[in-house]
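Right after this note come the structures.
One chain, chain A, links the two complexes that follow: it is found with chain B in the first and with chain C in the second.
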Partner chain A sequence: MPEGKYCNKKPIETPEEVNFLLSDTSGNTYYEEMKSLDVDSDLMWATIQKTMKSRLKTWLEICAHCGMCADSCFIYLVNKKDPKQVPAYKIQSTLGEIIKKKGKVDNAFMRHAMEVAWSQCTCCNRCGTYCPHGIDTGIMFGYLRGLLYQQGFVPWEMKIGAGMHRAFRAQMDVTNEDFIETFEWMVEEYEDEYPGLTVPVDVENADILYTVNAREVKHYPEDLAEAAILFHVAGENWTVPTEGWEQTSLAMFAGDWAACKMQVESVYDAMERLKPKRMIGTECGHAHRATVIEGPYWAGREDGLPPVESIHYVEWLAEALREGKLKIDPSKRIKEPVTIQDSCNYIRNQGLKNATREIVSHIVEPGYFIEMSPNKEHNYCCGGGGGFNGIGFFRKQRNQALITKRDQILKTGAKLVLAPCHNCWDAIRDLEEEFEIGIRWSFLKPLVIKMLDLPDHMKPEE
Partner chain B sequence: MATVEMNGKTFEIDEDGFLLDYNSYCDEWVEYVRTQEGIDELNDEHWKVVKVLQDYYEKNGIAPMVRVLSKLTKFKLKHIYELFPSGPGKGACKMAGLPKPTGCV
Partner chain C sequence: MFKKILFATSATPASDHAARVAFNIARGYDAHLDIFHVLGVPSRGYSQVVVDVKTKERVDVDDEYMSWVKEEVNTYYSKYLENGLKFDINVTVGFPAREILRQAKDTNPDLILLGGTTGDEDESVYKKSVASTTLQKVAKSAKCPVLIVNRPAASFWGGLSNITFGTDFSKSSDKAFDFTIKVAKALDCEVNVFHALDITSVSTGKILSQDDIEQKIREAFRMIRAKYEPALKELKNYSMDVWEGIPYIEIVKYARDNHSDLIVMAHHSKKAKQEDAILGSNVEQVIVRAGCPVISVNR
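Coming up: the complex of A and B.
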């Protein structure tokens, strides 16, 4: 059978199409239809010839099958060292086979490849740091996801997420008007406590252009208020754009390359239009990867950089604490065993380990911070990265993957986990729900706000 | 598919505990989620949130933004969290029988 009603090769483009796919709750019919979806081998092979460059080809060919990547993969370790979970095997038996067979693979193979690409690799890139050749399976799986997406073999939520980006330029059904209205509403709700609190909209030449994750607008608007409060207290000259405010990219997780480009260009357009000195994104890992690290290449920018200097929230926070723009009341610092989750996307992928530890040195009473083991660029994925958290079809596999992080946290003895990344925050919440180990977890913003030593003119009147 | 029971009724749920079929929503489902969410007693305000979520979902096929929920109920964000400690996107939607929100939630 060719294309299904819900499951097919056509990207979702409009809000109506998003709603239609959502109406198939949990994607039950979608996955049934997928079992009969044709593979367009000619299209796949033509795409490979056009898009598969020397790096990926070389990596597939030079892999010595030495097995060094095995122990680097937390999913391999947490699945009793199943040989089928060795990163080299996972990519050779999927992408490698597709190349060998010049795209002539069948439906069952594609469904298997989907399972491997989305439930056996979180694109955490840890294997790449241990391979003697520097082969990064995570990057290759990112590429494979693109081939699978094009053929319609993509998890239901990922297809919706990519469609949201196409229809709304956001990973959820949040319009530009919704974004501004929600931000203004949040500022109103908090302005009694912080007189003068505002959200400056579309200000040109500001020092900071702030971008967010649509989930903050849709489900967790307090995060917007917290960002406004900290910029306000720090005395920053900041703004948000009416368009191009969404920094995340479920399109990246889905492998929808065209939507990746559309989404990131909307943010770059805001930079070009408002000409800020810097762009700062919220406490998100993959948003940073999408907009700051990978985005320039999707947008075809020759210098490999966004149009203006773009930094992660933790870099700004570390700087604000260092320069005294934000002052911490030492009596309010964290005085309980606490650890931090290093987000793969900006720690391993961009080396920001010192920024988060500098923040810790300001907000945690000396003696209470405990590193996970391993940590920094060697840390394990939270267990839910790369879209894994959001895919119901692979929930069993995701919950198994959470065990690595659970055990790392348990070994620290910490009761509080700092998680400056939405994906990590969600995975740690879910592991607490699943295993009930008695921990709390938090972004940095709400913790820092509670321990601020406010400038005199901002102190509440007695 | 997993099922749960409450007061003699059986419900099919998804992998995150959301009701699979919106049409099987009933008082027993609400009672089940109330115990899961650790809410002592439901008051008129809980019911108002549930009703608003359902009206919106029936019209739009998706859960509303918190801003819309706050506007329609006239509850401040902090109050919504007091009513549903796990948040509007999880606890409240679950109680109202809505499907799990998609995306990074």
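Coming up: the complex of A and C.
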């Protein structure tokens, strides 16, 4: 059977198709069908010739097999240094083989490649910083995922996630109406405490255009209120768009390049429509990577930049604290051992390590902050990046991968972990559920709100 | 009085005493009952996995599972659902407090009814995933009064004849008072307005002399008269009292002495720090201890 009912090469385009695939509980039939899915070798080879540029070709060619990347990979370390987990081996035995065989690989090979691409690499890019040649296996795996997606060899949740972006322009079934309605609802809930709190919708020429992660709308709408409160207290002129508010991209994790482009263009359209001075996204790592770092290339923007200056939430927060727009009551700072999780996507990949540490200097009583080891651009992935968190099929492997972060946190002795990234936050939540090491974890927004020194005119009456 | 009631339940024995009250009120006032069950909390990022509240197992939620849970809830309450009770059963996935509030926003009930804390809180699936308790969050943000039945002793609902209204003279206490008067008029019951003077050294910072205490009691009495007596005069029976002590204990004692069927108090939407203190030490403590249902009013 070439194309399955659930598992096939056709992307998901509509809410009905999303629901249809979701109805296959756990993707059981989906993975069963995958076993007989045909590989379209001609299509794959044609795609490779069109899309594989000199950088990747060179990387595959010049790898000296020196093994320097081995110890840089937390998945290798946490799997008893299995040689099959060495990054160079992982990519050479998958993408390398496909190239060597000019795309003429079989179904079993493709399913194996899927397992390697989604359960043995989180695209954290740490190996790239240790390779003497600068070869970044994470980037190559991102590319391989694209080839696998095109052929239908993609984990069930990833296919759904990418489909959500196509059908809703959001990673979950959240419509534009849901987004605005939920935001307004949350603001209403908090307006007694913060008189004058509003959510400005579709305001042109605002200083800040704020974009979010659809999960906030769906499950943690307090996060929206918290963002509104902090912008309000800081006196910012901000707005949210009725369309193009979703910053994340499960399509990027899935390797659905076309959906990546659709998603990021919806955000860029909002920027062009509303002409804000800057765009700020929520506390999410991959969303920043997708919209700010990689997105411009997906959208074919010549300058490699989004239409307006786009910064991460931690950059804005650091700035607001530095400039005194937000004032912290020193007596309310964190006074317990606390550590921070450096998100690969904006710390290692964009160098924002100083922004988060500047925030820490404002909100943590001196002497209580403990760095993980290693940290900053050398930090390990949370264990659930690159889509790993969401994939039921590879749950066992993901739980194994959490051990690195668990031990790093345990070593610090901290009971509170700052996790300004949705993916990291989830992975740390899951590792606590899995191993029960007695920690708490938090985004920055709720912590900062508790510590604010509010100007008198912003306090509620009474 | 109550036309639409949202009854949020775990559909386990922990909610049994609340269920008794919910079904009694619904019957007594011919109200529509929305039996609402949050079956599990999302887990694993954007995966489809949730941890089921009742079985504590990780499950993949799909339509089939949802309707199965709905059927379970129906079976659990089957003996109450006979004889033309107007109800529907809704189940969903999410963080309980948020989903209860979302349901309230969509359906606009006159009253939200919650069961109390369960004995094995640490084991509870809900507890693990929420920062503060469901009860705290719902009481804080709900737009309608929230009735909480915590102890089995509080689950008797034989109609209302006597309400204790506990006040701290705040703005939200005014709202709670308005609600109290409305209920009292509709159901023709007695209202006891009560203020507890907090003499614990934690809050006063010192040990008060008896003269100070008596002075403060007189002041509180004057406040009660000025603030509430005009409206109280429209009722057949009312009383006013000020006692000193630990506020939540005094309220519980007072309600017991007066054979109150219901305690009404304000929930406060003050800043986080005070909120923990006030809610934690007063409304929530009253809820935990009272021998009758407690209604928290915020807006």
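As a working rule, the second predicted complex is superposed on the first by the 459 of 462 C-alpha atoms of A that agree within 3 Å, B and C clash if a C-alpha of one lies under 4 Å from a C-alpha of the other, contacts with A are read in each partner's own complex, and residues count from 1 in each chain.
As a convention for this text, a contact is a pair of C-beta atoms (placed from the backbone, for glycine too) under 8 Å apart; a residue touches a chain by one contact, two chains touch by 3 or more.
Since this is a predicted model, take the numbers as computed values, not measurements.
Novice: Please determine, from the superposition on chain A, whether chain B and chain C clash or fit.
Specialist: clash
Novice: Between chain B (first) and chain C (second), which does A:V217 come into contact with in this model arrangement: first, second, both, or neither?
Specialist: The answer is first: A:V217 touches chain B but not chain C.
Novice: Classify the contacts of A:V174 with the two partner chains as first (chain B alone), second (chain C alone), both, or neither.
Specialist: In the superposition, A:V174 touches chain B alone.
Novice: In the overlaid three-chain picture, which partner chain does A:L250 touch, first (chain B) or second (chain C), both, or neither?
Specialist: The answer is both, since A:L250 touches chain B and chain C.
Novice: Just to be sure I read the superposition right, which of the two partners does A:R333 touch: chain B = first, chain C = second, or both, or neither?
Specialist: Neither: A:R333 stays clear of chain B and chain C.
Novice: What is the contact status of A:K450 with respect to chain B (first) and chain C (second): first, second, both, or neither?
Specialist: Only chain C is touched by A:K450; chain B is not.
Novice: On the A-aligned overlay, A:R301 touches which partner chain: chain B = first, chain C = second, or both, or neither?
Specialist: neither
Novice: Just chain B (first), just chain C (second), both, or neither: which does A:P460 touch?
Specialist: A:P460 contacts chain C only, not chain B.
Novice: By the touch definition at the top of the document, which applies to A:E193: first (chain B), second (chain C), both, or neither?
Specialist: A:E193 sits against chain C, while chain B stays out of touch.
Novice: For chain A, what residues appear in both contact lists, the one with chain B and the one with chain C?
Specialist: 22-23, 25-26, 157, 161, 171-172, 185, 189, 215, 218-222, 250, 389-390, 392, 395, 422-423, 426
Novice: Name, in rising order, each residue of chain B that touches chain A in their complex.
Specialist: Result: residues 14-16, 20-22, 60-62, 65-67, 70, 76-78, 87-89, 99-105 of chain B touch chain A.
Novice: For chain A, which residues count as touching chain B in their complex?
Specialist: Chain A reaches chain B through residues 19, 22-23, 25-26, 157, 160-161, 164, 171-174, 178, 181-182, 185-186, 189, 213-215, 217-222, 248, 250, 389-390, 392, 395-396, 422-423, 426.
Novice: Quick check: in the complex, which residue numbers of chain A touch chain C?
Specialist: Chain A reaches chain C through residues 22-23, 25-26, 157, 161, 171-172, 185, 189, 192-193, 215, 218-222, 250, 332, 384, 389-392, 395, 422-423, 426, 430, 433, 446, 449-450, 454, 459-462.
Novice: Considering only the defined contacts, which chain C positions touch chain A in the complex?
Specialist: 42-49, 60, 62-65, 94-95, 98, 101, 105, 128, 131, 141, 170-171, 269-273, 299
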